[in-house]
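Chain lettering (A, B, C and D) follows the sequence in which the chains are written, and residue indices restart at 1 in each chain.
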């Protein structure tokens, strides 16, 4: 049985460690903030220039000057600081963010990531995604295992324009978790969703990966 | 009769205009702040990271956290702001300072400036001088006309290592004032000190310059 | 004393606008955008603008107003997703767009203000946005060369400003405003509150007055919200 | 909650120091220097250090303490004029020095912290400090290529800090501290006042806690003055 979006987010939250500074992308990655284990000290960063993101505000406390990179209204915490976008990307590009969790259209077996444009469709722009994958120390991708048309999203090579080359460390889908020990290494299948077999994952994956661990 | 240091500073102050942001070098240039005409709004900048320098403090108000680039204790004004040294040199290199008044060991007729080291002597380092001459829109040099050994300081070419190439716009000495309309143009003799003749200036100057204006 | 405060946006923009000019605008999404100045630029009718701005506003708000009024020829941005009029003009070939990674855009604007001619960043290496750009390895990693951005005019939104042009931003409305304020020879700031000399703490000023030539009071402060997300109070 | 506050300099430096390491230090002259941490590094006896610091202290104070104790092998600085021991060791060939223009040094430290591999600046073009460096023309002007600086350890002095590592500097004691705080994997801040969570205004924090791994209370705050200049009160 495939994981739900919340189960995927919960699994992704297990990539967090105490004291981590983390950037969460738009979409399913944002849900990860609801699954941070109690007692784990994690500081969320938003690339527009906020460090220490709090939860959504109460209706009465909405402040249009407090938004995250998804343009959602949020709140401050007792650790919050604001910086310019230049300084915010200094944190990102400079390797000060421990982990980013991002959505993806495609991931390749060499860690290439495509999540910003589809040729022929209107291009909205890369936003901060290229900076995040270039600068953050560890990149976790959260995505559906197969696209709506049934094609594999974890592929030999990306067919879409890249967001970054060789940047992905962990891939979490609704069916399985893949990880590699370092950039440049091969991915290996780490976990499957309940009642999902390695064979089922293999069938729905184009990428080459190791699965001896699961054997 | 040669100008005194205070007269030189007073003459340099005439280069200021209302609303100017100005950086004053160490030594005679610092004296210029005492000669800013009343009613002229000039904001002094110091490259360590202070904009809006006030006068020296009263004995009872000395604050070791308020110093200028010469490491002198100073005071705040109602316009003062502090920035990091990186942001301070952003102001300087980015062309936001209207005028800098600096000392010099040598100036060449092409505007080359040497004021940071003498080969064979202990080198103290360039400090902010190279950034100032590279970034500030207009560079005024305040220096004695001849060195202690009697040699000309306004020369064909600098013999000392350069602080900047072709960067000087105005040269004010104890004998005369030279100016050029733009970088790359020739300097011309603009003024002489009282009882100092153009011929006397010529005799004490190695640099080639125009003097038809004085004729 | 030099007082940089102008009576209003029209007065501050007098003699400044001309067709074909480049304007840098602060803001991220609709947060921290100079609403008052954008409206005045719309009313001025100036055309063929190049805009340097992270986003392009939305239909009917923010820089979307200038797009709807056909005043924009070219945009240098990182994300323009929320604007249908943008899409229409772009697909019709009426509008040029140069996409930058968001951090690269922020850094190029800072570089423009800080006298840095260009820099190497890992961001974008191996992507289509690096095409045609110099790529050089540092520590074995490819880096892309990016150049400084400068503008003829910068417009920013701040929370508080004084007669010297010193600015303080409010919370995440700071975003691109500090770099934008530095990247042009003429910067106009609209502020929610004009305060007197000495009322801003020198340690808390985000943009020193040297970067700001004109200040107006912001009279449009709608601060429209793009994603109004809330949580329920726990009884 | 992660609490970054350590009991003192010795505790904060435990397991950190090793011979031959590179340490970046904040401060300009003797203003805003981490006196407490410098003293602890002196007492540790660690040797063969490379120091990234705008200045080198004076005889008997600031980084001059490490020089006197023969712990420094190399300095990257912009101005070292006030230190006789420095001069003696330099002339004896015991000490290497790499001079940078002050703004270039500040920018290189910022670049190191911000993931910028290198940049072009007009500063130094046509001078001996550009020798051996790439020079490229932009807008007809020669620019010098400068690379990022990074350190194994950064030590900074701030006025206030909280358990998250958020820092606020005081007046011109800010100087090089904000960039230095970003340029190392491990940054230790000494602060005059440790305040509780939430006591620092999020809009006024100069160095966000992400850059600071350890915080101690500064117990040495002599703040020696190099040039005590005063004016007379007018009766």
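Everything below uses one rule, namely that contacts are C-beta pairs under 8 Å (C-beta built on N, C-alpha and C of every residue); 3 or more make two chains touch, one makes a residue touch a chain.
All values derive from a computational prediction rather than experimental measurement.
Trainee: How many hops, at fewest, get you from subunit C to subunit D via touching chains?
Mentor: 1
Trainee: Between B-C and B-D, flag the pair that has more C-beta pairs in contact.
Mentor: Between B-C and B-D, the larger count of C-beta pairs in contact belongs to B-D.
Trainee: Measuring centre to centre with CA averages, how many angstrom lie between subunit A and subunit D?
Mentor: The separation of the two C-alpha centroids amounts to 35 Å.
Trainee: Between subunit A and subunit C, what is the separation of their C-alpha centroids in Å?
Mentor: 28
Trainee: Can you list the residues of subunit B that touch 2 or more other chains?
Mentor: 76, 82-83, 89, 92-93, 134-135
Trainee: For subunit D, write out the residues touching at least two other chains, lowest number first.
Mentor: 107, 110, 114-116, 121-122, 169-171, 174, 202-203
Trainee: If we use the touch criterion from the header, which chain pairs count as touching?
Mentor: A-C, A-D, B-C, B-D, C-D
Trainee: Give every residue of subunit D touching subunit B within the complex, in rising order.
Mentor: 28-32, 54, 77-81, 87, 90-91, 97, 99-104, 106-107, 109-110, 121-129, 169-179, 206, 223-233
Trainee: Which residues of subunit C touch subunit D once you look at their complex with the stated criterion?
Mentor: 107, 111, 114-122, 136, 138-139, 143, 147, 168-171, 174, 201-204
Trainee: Help me check something: in the complex, which residues belonging to subunit A touch subunit D?
Mentor: Per the touch definition, subunit A meets subunit D at residues 18-19, 21, 41, 43, 45, 51-52, 76, 78-83, 87, 89-97, 134-135.
Trainee: For the complex, give me every residue of subunit C touching subunit B.
Mentor: Against subunit B, subunit C makes touches at 1-2, 110, 112-116, 162, 164, 166, 182, 197-198, 200, 202-203, 205, 208-211.
Trainee: Taking the complex as given, what residues does subunit B use to touch subunit D?
Mentor: It is residues 46-50, 55-59, 62-68, 70-74, 76, 82-86, 88-89, 92-93, 112, 122-131, 134-135, 161-166 of subunit B that touch subunit D.
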